[in-house]
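Listed below are the structures to be examined.
Both of the next two complexes hold subunit A, though its partner changes from subunit B to subunit C.
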Partner chain A sequence: MRADIVPRPLRGFVIPALLVALWWAAVRFGWSTSPLLVAPGKVWQTGVDQVASGKVFAALGASLWRDLAGFAIGASAGLLFGALLGASRLAERFIGPSFHTLKQISLFAWIPLLSVWFGLGDAAKVAFLSLAAFFPVVLNTFEGIRSVPPDLLEVARVLRFTPAQRWRKVILPSAAPAIFAGIHLGLIYAWLATLGAEYLLVSGQGIGNLMIDGREHFWMDMVLFGVFVVGLVGFTLNWIASRIEARALAWRGRSVAQF
Partner chain B sequence: MPRVGTLHIDHLSKQYAVKGEPLPVLDNITLTVNPGEFVSIVGSSGCGKSTLLRLIVGLEDDYQGEVLLDGQRVVGTSLDRGIVFQEHRLFPWLTVEQNVALGLLNARFTEAQKTQSVREHIALVGLEGFETAYPHQLSGGMSQRVAIARALVNRPEVLLLDEPFGALDALTRAHLQQELHRIWQAEGITMILVTHDVEEAIYLGDKVVVMEPRPGRVRRIVPVELAHPRDRTALPFARIKEDVLAEFAGEAEAATAARHADRRGDGTRGPDSGSALPNGLRFAL
Partner chain C sequence: MSRDLIIPLDGVSAPHDFGLDTHRDERTTDASPARRAWRLSLAEQPWPPLHDLLLGWPLPLAVLALWALAAHCEWIAPQVLPSPEAVALTFKESLLSGELWANLQISLVRVFAGFAVGLVGGLALGVALGLSPTARDYVYPLFKAFAQVPVLGWLPLLMLLVGIDEALKIILISKAALVPIALNTYKGIQNVPTRLIEVGRVLRFTRWQMLTRVVFPAALAPIWNGIRYGLTHAWLTLVVVELLASSEGLGFMIVYGRQLFQLDVVLAAVAVVGAVGYVLDKGLAAIETRLLGWRKEAF
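Moving on to the complex of A and B:
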């Protein structure tokens, strides 16, 4: 088979399309009679119903709101903390070891503690999400600031930059790629943790609760629809972050002129 | 239009601490650079010539002796003293224009004057049309031109050049030497060039300071009394070149003598003093 049978932009869809076809065939030709195997059409129908009744939007809205709130808190705290660790050797010496120990603790190990402190509601979930976003942002911000080229800092000295100018003109732009990578990771981690939080702190509304509901009632179509929505949201968040990153860091292009 | 900028270096010594032991880098340097003069400093690696520039620009302190610009002791960096490093050190996230404008961030100019000065200096280094290019779009030679513009844009009294063309290919280097000469004449500013290229030193310099290593000392100051533009192939040029190179041969002989002295056991130099010999010889040939 020649590679250009499928147009280039559509090549990524080949495998999902084949899987859906296989799924459809499994139901159509009765390869399995398990009640766990629902027809693609049924999942589609559930999706249409959920969208039409607005239930999915209510659930998604609740999840996304928590996701973004937790991300905003965790990422801002991470930026400040990472910048402090990166800029001050003293801070690194005092706080660094504690931080590096804490970050080794699995994120999910925090759940019991958080639920004791904040209950099982939104506050505990948001706290959990901010923790998920916090660590990658701190680590990348710290690395980015630590690896500002000393050569450029010397230029800043020669040109008599004030401390504010040094941060604005040298340190932050130079650390920007690493900081963006951290924020990007934080955004993804926060979304993964959003679902985790809904499973582990079961109460209230959310896309995860929708899926738990589906599982408890043996509505496989609902579970599969939930999986699809969660994937779509993750994909969209990632896409938005990549676009912002690409635009902000356009200067990292390839050489186009050689003289 | 020569401006002020008499640089007076008086009995300057500098040492670094290596494993707790003081390692002398510069020893008793005395040198006067007149306003508008072009001084080349040559020497083999390890003679402290870059350290000397870093002291003049104010990136290093903790020295003995005096570095005086217009009678004022040099403390820290100042917009009166610009420097071009061997690497261009441009900010990769800024365009050519923005990189040059960095030099004016703290200059006492109005915005209009700044814009004007940036434009003039981009023209001075021959990069009109590349104002909005990013460093990764430029060749090594072009990047070094931007670095020169950035150093000159706030009109310093003294421009220091630390092997600025050392990493460029021979053709680009020859071309940029001509350009630097033109800029020096156009701006009338004092320039001090550190190089290991004897021909470059003579082509550009009013005088050539020959340094010798371990610790860095001035061996001789060779005046270059040739009219500009200088012809690298002319006999008087070749004579000065021979004269300067002879100093390096002398340095090599001195190193040999010192090594013999070491063998006899009455030398005080470190065990690695002999390593200057192959460097110096390769250099002289």
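Moving on to the complex of A and C:
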């Protein structure tokens, strides 16, 4: 069979390898004279230079610091707010509609407003990032708490749990998967928003600024390297979040029932 | 419980997955009967009782009153926060002068063009990945890597390659829509219950019958979720692309107002952006109810 030409584990590499080969050939045989067609080797060289000179780490450090600061603020505010909405019907009816209306506003539309209120510096960026993390965390926390099975709460009532016990032993464990899903999403959003904030509030340092600089100077190698770094960071954040989630939820075990 | 969360998380594990309504996924993947009953009871009551609706009003009205008061007493400079009247007036003026409509129309054309490309590409890719193990082996790792870089990560690269014209917007918007649609289609097809396939086998369905009678109907709900995410993402991307590189459209209105310190223009445009996002999402939700109505009868 034709499909067996390439062993399965290697198949994922076939298309990327072909693309790189094509790229290399395009440079090597001069199919295009565009200055944008840089050699794969040059991109590699730029990457090595950036890493060796530590420039990329400085930019990445600035971006990640803002990312995590904004995420921490947004996620903790989101947890509290989501818990409030989830636990109190009154709060949900009172604040819920306003929250759901604000949620509709496309995330990046906040940036121009925030830039007027907080300036162009780190304050505006962190405020924006916390907003990016806030919404998914609130929604998922709210959903998670609302989906706590009523029978569990009945058991808690039978056992005469205090409110603190009820939260610690019943509500939070039961809502944990949804809450973690929200935090995970919040982290992803915050990273996306970090890039957006650096493009739109152009001041200071960051990986987004690095790429915008590269674009302005037509440094294709720099931009490609930036794309790679951004993907790598996104992947790493994602991976860490999944690991923490798996660790924190390990006690739940896996359902053996199939469908 | 742990089972139903695997699907939503997988569906959103790509870093650009920024459809804010993450709870949407759970609705279609709910496994426990209790939760399903709860959802159904929600579905039967599209409108909460009147006093619930009324309770939502005091807060925004109080904020509005405080805002009006602050503007009236000039506690805050109008460049920082214009009065609500000014925003309403600007809104009315731009509505009457046609400026708002023109920009809205441009934005909508862009978003639908990009979304259409993303929809077709995403469905094709998702179906290919879902149905063919060979396609999955070859393409999925590359697709995953591609999806790891958020839309905004591609922006500088695309600006270099295609400039800042329409092509840039269409490509980015279609990328934003493509990834969730492809991912959800793929997962939806993969997660078709084995027992349904077995029934199909027992009935000796041909491959075509299997696809049209079993696989696609069963995968429709997750696919539709992907489409909703796709449209939400497309709209979000449109706004950010217009903010960054455009000379017309709603996003441009926002940037323009910001540059001239006319926050009333900014706020009016932001309100329209929110309203359009809402209408797009509710429109798809309404179609979903019609499209998936047959499912509810089965439970």
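Here is the rule we go by: the second predicted complex is superposed on the first by the 235 of 259 C-alpha atoms of A that agree within 3 Å, B and C clash if a C-alpha of one lies under 4 Å from a C-alpha of the other, contacts with A are read in each partner's own complex, and residues count from 1 in each chain.
As a working rule, a contact is a pair of C-beta atoms (placed from the backbone, for glycine too) under 8 Å apart; a residue touches a chain by one contact, two chains touch by 3 or more.
Bear in mind that the values here come from a model prediction, so they are computed numbers and not experimental data.
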First (subunit B), second (subunit C), both or neither touched by A:Phe161: first
Which of subunit B and subunit C A:Phe57 touches, first, second, both or neither: neither
Subunit B versus subunit C as contact partner of A:Trp24, first or second or both or neither: neither
Partner chain in contact with A:Ile95 - subunit B first, subunit C second, else both or neither: second
Subunit B versus subunit C as contact partner of A:Phe235, first or second or both or neither: second
Subunit B versus subunit C, judged by how many residues of subunit A each one touches: C
Which superposed partner A:Pro173 touches (first subunit B, second subunit C, both, neither): first
Which of subunit B and subunit C A:Leu152 touches, first, second, both or neither: first
Common interface residues of subunit A - those touching subunit B in one complex and subunit C in the other: 151, 249, 252-255, 257-259
Interfacial residue positions of subunit A with respect to subunit C in the complex: 3, 8, 11-16, 36, 90, 93-98, 101-113, 115-117, 135-136, 139-140, 142-143, 147, 149-151, 177-178, 181-182, 184-185, 188-189, 191-192, 195-196, 199-200, 208, 211-212, 214-215, 218, 220, 223-224, 226-227, 230-232, 234-235, 237-238, 242, 245, 249, 252-255, 257-259
Sites on subunit A touched by subunit B in the complex: 151-152, 154-155, 157-162, 165, 169-170, 173-174, 176, 249, 251-259
In the complex with subunit A, residue positions of subunit C that touch it: 1-3, 5, 8-9, 12-18, 20-23, 26, 31-32, 34-35, 38, 48, 52, 55-60, 63, 79-80, 134, 137-142, 145, 148-157, 159-161, 193-195, 235-236, 239-240, 243-244, 251, 254-255, 257-258, 261, 263, 266-267, 269-270, 273-275, 277-278, 281
Residues of subunit B that touch subunit A when the two form their complex: 57-59, 77-79, 81-83, 85, 87, 89, 91-94, 102-103, 105-106, 133-134, 136-139, 141-142
